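Each chain carries a letter (A, B and C) given by its place in the written order, and its residues are counted from 1.
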Amino acid sequence: MNENWTLFKRNLSDFWKAFRRNRLGLAGAFLVITSILVATFAPLLTPHAPSDIIRDEGGHGLTFAPPSVHGPLGTDDAGHDVWSQLVYGARISLMVGFMAGFIAMFVGSLFGILAGYFGGRIDNLLMRITDILLVIPDLPLMLILVATIRQLDLKISPLTVLIAVIGLLYWTSTARLIRSQVLTIKERQFVARARAIGAGHGHIIRKHILPQIMPLIVANTVLILSTAILVESGLAFLGLGDPTQPSWGTMLNFAFDRSAITNGAWWFYLPPGFAIVWVTLGCVLLGNVLEEMLNPRLTAHHLEGDQNMIAVPAKGAE
Amino acid sequence: MNRRDYLLRKFGLSLVTIFVVVIINFLLFRVLPGDPVRAVVGRNVRISAETQQALREQFGLDKPVFPDQFFDTLGQWAQGNLGVSWSLREPVSDVLMSKLWNTVLLIGLGQVFAIILGVILGLLAGWKRKTAIDVGALTFSLIAWAIPTFWLGIILLAAGSSWFGLPTGGIVSPMNVGKPLYTIIPDVARHLILPTFTLTILYLGEYMLIMRSSILEVLSEDYILTAKAKGMSHWQVLWKHALKNAMLPIVTLIALNLGFTVSGAIYIETVFSYDGLGKLFQTALTKQDYPLLQGAFLLLAVSVIIANMAADVLYAVLDPRVKES
Amino acid sequence: MKQKLLYVLVLAAILLSACGGGGGGEGTTLRFGWIGKPDTLNPAYAFLTESYTVFDLVYSTMVTEAADGSYMGMLAKDWSVSNDGLTWTYHLKDGIKWHNGEAFTADQMAWAINAIMKDPDGWAASANYTGGFAEVTAPDDKTVVIVTEYPIANMDYRVSFLYAVYPPDFKGFTTSEDLQNFTNFAAIGTGPFKINTFDKDTGVLLLGAFADYMDGAPKIDGIVFQTFDNTDAMIQALKVGDIDVVNEVPASAFETVKGYEGVTATAINGRYFNELIINSADPNLDPAPTGNPALADPAVRLAIAHSINKQDIVEVVAQGLGTPGDSIVPPTLGGGFWHSPNIQEIPFDIAEANRVLDEAGYALGSDGVRAKDDLRLEFRLQFPSDSAVYPRIADMMAGWFNQAGMKATPEAVDPDALVAATTPAGDYDLVLWGWGPDPDPDFILSVMTTEQFVEGGWSDSGYHNPDYDQMYLDQQQIVDKAERQKVIWTMQEMVFNDRPYIVLYYEKMLQAYRSDRFTGFIESPLGIESAQSLLNVTAVK
């Protein structure tokens, strides 16, 4: 095993010791882990399938039933159990958010490493692409992209379209971050030494650069997740989700379209929003703490003074 | 790199970006297999097959997409002609202009309130560092970030309309439409309260953080001692230096934020049925009114690109450091 | 610092003190709220329902549909048809005046109809109604005669859309396009209300009562139409009394609106229905349709019919505001005259569905999906993405189908992509969709004809039945109502039994008004906003 990876492992246990003492980080981890658990064990948390219609003794569907009539969160406009919708919705929201986040992370890291390591023209081209993507307003772009791709009759599910579009638009900040990190690592002695003894580019990237930037990628991914989940909820709210596999955003779309506000059905439009805040807040807290602990530059910065107790990432299209 | 090269590069990049937007704009809509005429017509029993064909010809959809439609459209755009909206049967540019000012009003008010409150809260938070005020302000900005824009809008809409009797949408009450402006200011204000409030909460956090870190920076520097020695009060020093320091990032943030603001406008205008560009974009999307959608996207994208360039220019002019970098 | 805060507080106070706006009631002007607005007031080229609501109030026709679905005279006091069914004679009422005070004459009516016949492209919205007209004349001041090329069965319905437009307004156009672009925002008619102002941008339309209306002036001063941006805002306005009438209440809000004080909410059987379309396209078409071939099996269609609980759909999705449907001709057409009473509804019975499929040889597979040879009962269940109702129905349906060993995968599709997939590609299995109202059964019957399954046509099922096609052509020329009824009944039964469509339910028309301010609305499929209803409305003292 390469020494760098061993180092990485040892760092991991050191890291955990430090992390355990960080209250904000623990809170973030708690929020994220609970939501993942809920999504995983959804069927155990509710007796109803999300598409089940709740009925009264006479067999009639109960629509807009408040929590006092049907617990714990009442029913929606079509007599579905809101709690079941919420719990199963976690699967869709997290799935789309995580997949999109991982795509963004992968593309961003790849481009960041390529640009940072090789420099020159590749660097120039990739950075211009990120420049352009950063400037085009992302929500309108995503809306027309999703709408167009859905029209193309490519036989791919609406959720896949969402994942692809979000993933392929939100890698720019990751790419820039990774690139600048790679730039500094590239100049270090051990890389120069490896190059001097004739190691190939692939070898250097794999054995020397990747282990160094891995922590940064992990932290950044968690932050990207929060954006991806927020963006998914927004697009779904605007009607671009899959109504047959409702995420939290889709639930809110239904609530808004089907007069939940006029009906005073707060149990229908409040919970999905709280769920979204729960997960995104968790990701932001966790991501920030991780970044703070894992990113050597930020740590130095942090020691200078607590100018930002929490660095809030730039507000995305959500 | 000197300042001129920097600006030239930024300018070139903006042009390239606009070009990319134009290409995206055209390609996306014209690859669609559906029949836009049918989308506009819907299941309208009054529109016969012949009328549909006539509409198709009117929209130029009977010609091949490439090269005819492509160059036709490009030529029209170059002349500033954005075509005719299919669903509204009016020139796209007229429709856009009629909605533009509503959106500018909403965004403008939201930004002004966000800046005023952000500066004040940031000042307070930085000044009273590590007190309950500071922690509260930071927590607020964090939660404001994590809340989906549209959901915040829905909550405020529900609460505002049922508890305070505020209107649930629109810009003026229908009974006041067309009346002289000065007679309906109270009515317009009533309609603007909720959407403006939502926007303010959304954008408050960032301004607050900038102001706060500016204060902290000033507090840690030496000249505060000098200033104090000169007999200025602690408060005066903060106000004078910190505000000056924070000005540059705040001004550039306004321009840079425009892209995010546009996104916010789409959500907020949808939730509050506010008759601006954001809602127009959303309706054009659902009605598959491509000329309108293209026009709206072009307008939104180009104004954001220009605002970004303006921010760059401003930065170059105001910040001496650009010269060196 | 303190000053700044104060400044903000003052600003906030100004904003808050503004609360309390809103207008009170003025005289006996009826304030009418709706979501859309007319795009034009030119009947030659108007396609939106809103335009026709206004035409109904501002313009008159010789004959009009009554609340009970029959036809009654409007400009005409009586009318008759010759024995060969080719000559229609209309005798007009006395003392009819235009809104500008001029007398209305028969040759003006004849001119209006002739204008359509001469320029069918320009009069695109009306041209369908004059198809088959040979000659329209006014032999004297009070008589209009229409001669047709062949007997026209639904003449009354057609004439009820031939508006008496003011000839000087429509005379000056040289090209069809000029006519189409004419907005006619100051339309002059002979109807019970006249246009005072119309502002297209805002949609505000002011109508005043026409004192010289032929059947007596309306009992209210006028009507203001106000366009709202969303239904929530509109309903809120009704609740607080800012408007008096809402012509479309969403089903999901109806119960709440019903509970408002001083508000009466009405649910009237309407004409709109939702249906399940089963791909019935001819497999020999080129390019070949791609529907699941198992759908051609009548047993599979019967099993599908048995697996749909229409009552449950009505209760859950339509919040009880609908009636389970059977025929493509809703019972409200012609006051029930056209709806076939002979249709025997297929009861919801999953056990029976399973039995039918067993008998037809579709064996249950280990994955819970039935199959016979290479025919698997696995279907796409698509619906237009612009409605919140269809995903709910699709969900319920997929559940029932599953119990019968059929697998349906719901999928939302953008409407124009769905049109492209259905007509005439036949690239679908099952589709959920709905049809809007037309008072005569002719249109909805045409949807099932073979010739409509072409680009731009209205058939989406691809139903092809030569007998049906022939009967469709026949019924168009049977002037005798009873005889036409017999043919139309048979046609409905054919569609019901062959099941290109399974009609799910008829929607109710949901409207509401401030009964503490106005009374006398006539509840009918025409809506409480019809001319007849508004003529009857009086203010509550």
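Structural remarks
What we mean here is this: contacts are C-beta pairs under 8 Å (C-beta built on N, C-alpha and C of every residue); 3 or more make two chains touch, one makes a residue touch a chain.
What you are looking at is a predicted structure, and each value in this text was computed from that prediction instead of being measured.
A count of C-beta contacts for the chain pairs A-B and A-C puts A-B on top. Centrality annotation: B (chain centre taken as mean Cα position, compared with the mean over all protein Cα atoms).
Put simply, the C-alpha centre of chain B and that of chain C have 39 angstrom between them.
The geometric centre of chain A is 24 Å away from that of chain B, both derived from CA atoms. Chain A and chain C have Cα centroids lying 45 Å from one another. In chain C, the positions touching at least two other chains are 232, 236, 386, 414, 416-417, 420.
Residues of chain B in contact with at least two other chains: 32-34, 161, 168, 286. Of all residues in chain A, those touching 2 or more other chains are 147, 151, 153, 239, 261, 264, listed in ascending order. For chain C in complex with chain B, the residues that touch the partner chain are 1, 4-5, 8, 14-23, 31, 33, 39-40, 47, 121, 124-125, 127-128, 199, 201-204, 224, 226-230, 232-233, 236-237, 240, 242-243, 386, 414-417, 419-420, 433-436, 438, 443, 454-458.
Within the complex formed with chain C, the residues of chain B that make contact are 32-36, 38-39, 41-54, 88-89, 98, 116-117, 120, 123, 161, 164-170, 173-178, 184-187, 189-190, 192-193, 235, 239, 273-275, 279, 286, 288. Across the complex, chain A is touched by residues 13-14, 16-17, 20-21, 24, 28-29, 31-34, 138, 141-143, 145-151, 154-155, 157-158, 161-162, 168, 202-203, 205-206, 209, 212-213, 216-217, 220, 257-260, 262-263, 266-267, 270-271, 281-282, 285-286, 293, 296-297, 300-301, 304-305, 308 of chain B.
Remark: chain A residues 128, 131-132, 135-141, 143-145, 147-148, 151-153, 226, 230, 233-234, 237-239, 249, 252, 255-256, 261, 264, 266, 269-270, 272-273, 276-277, 280-281, 284-285, 305, 307-310, 312-318 touch chain B in the complex. Of all residues in chain C, only 231-232, 235-236, 250, 252-253, 255-257, 312, 315-317, 319, 385-386, 388, 391-392, 394-396, 398-399, 410-412, 414, 416-417, 420-421 touch chain A in the complex they form.
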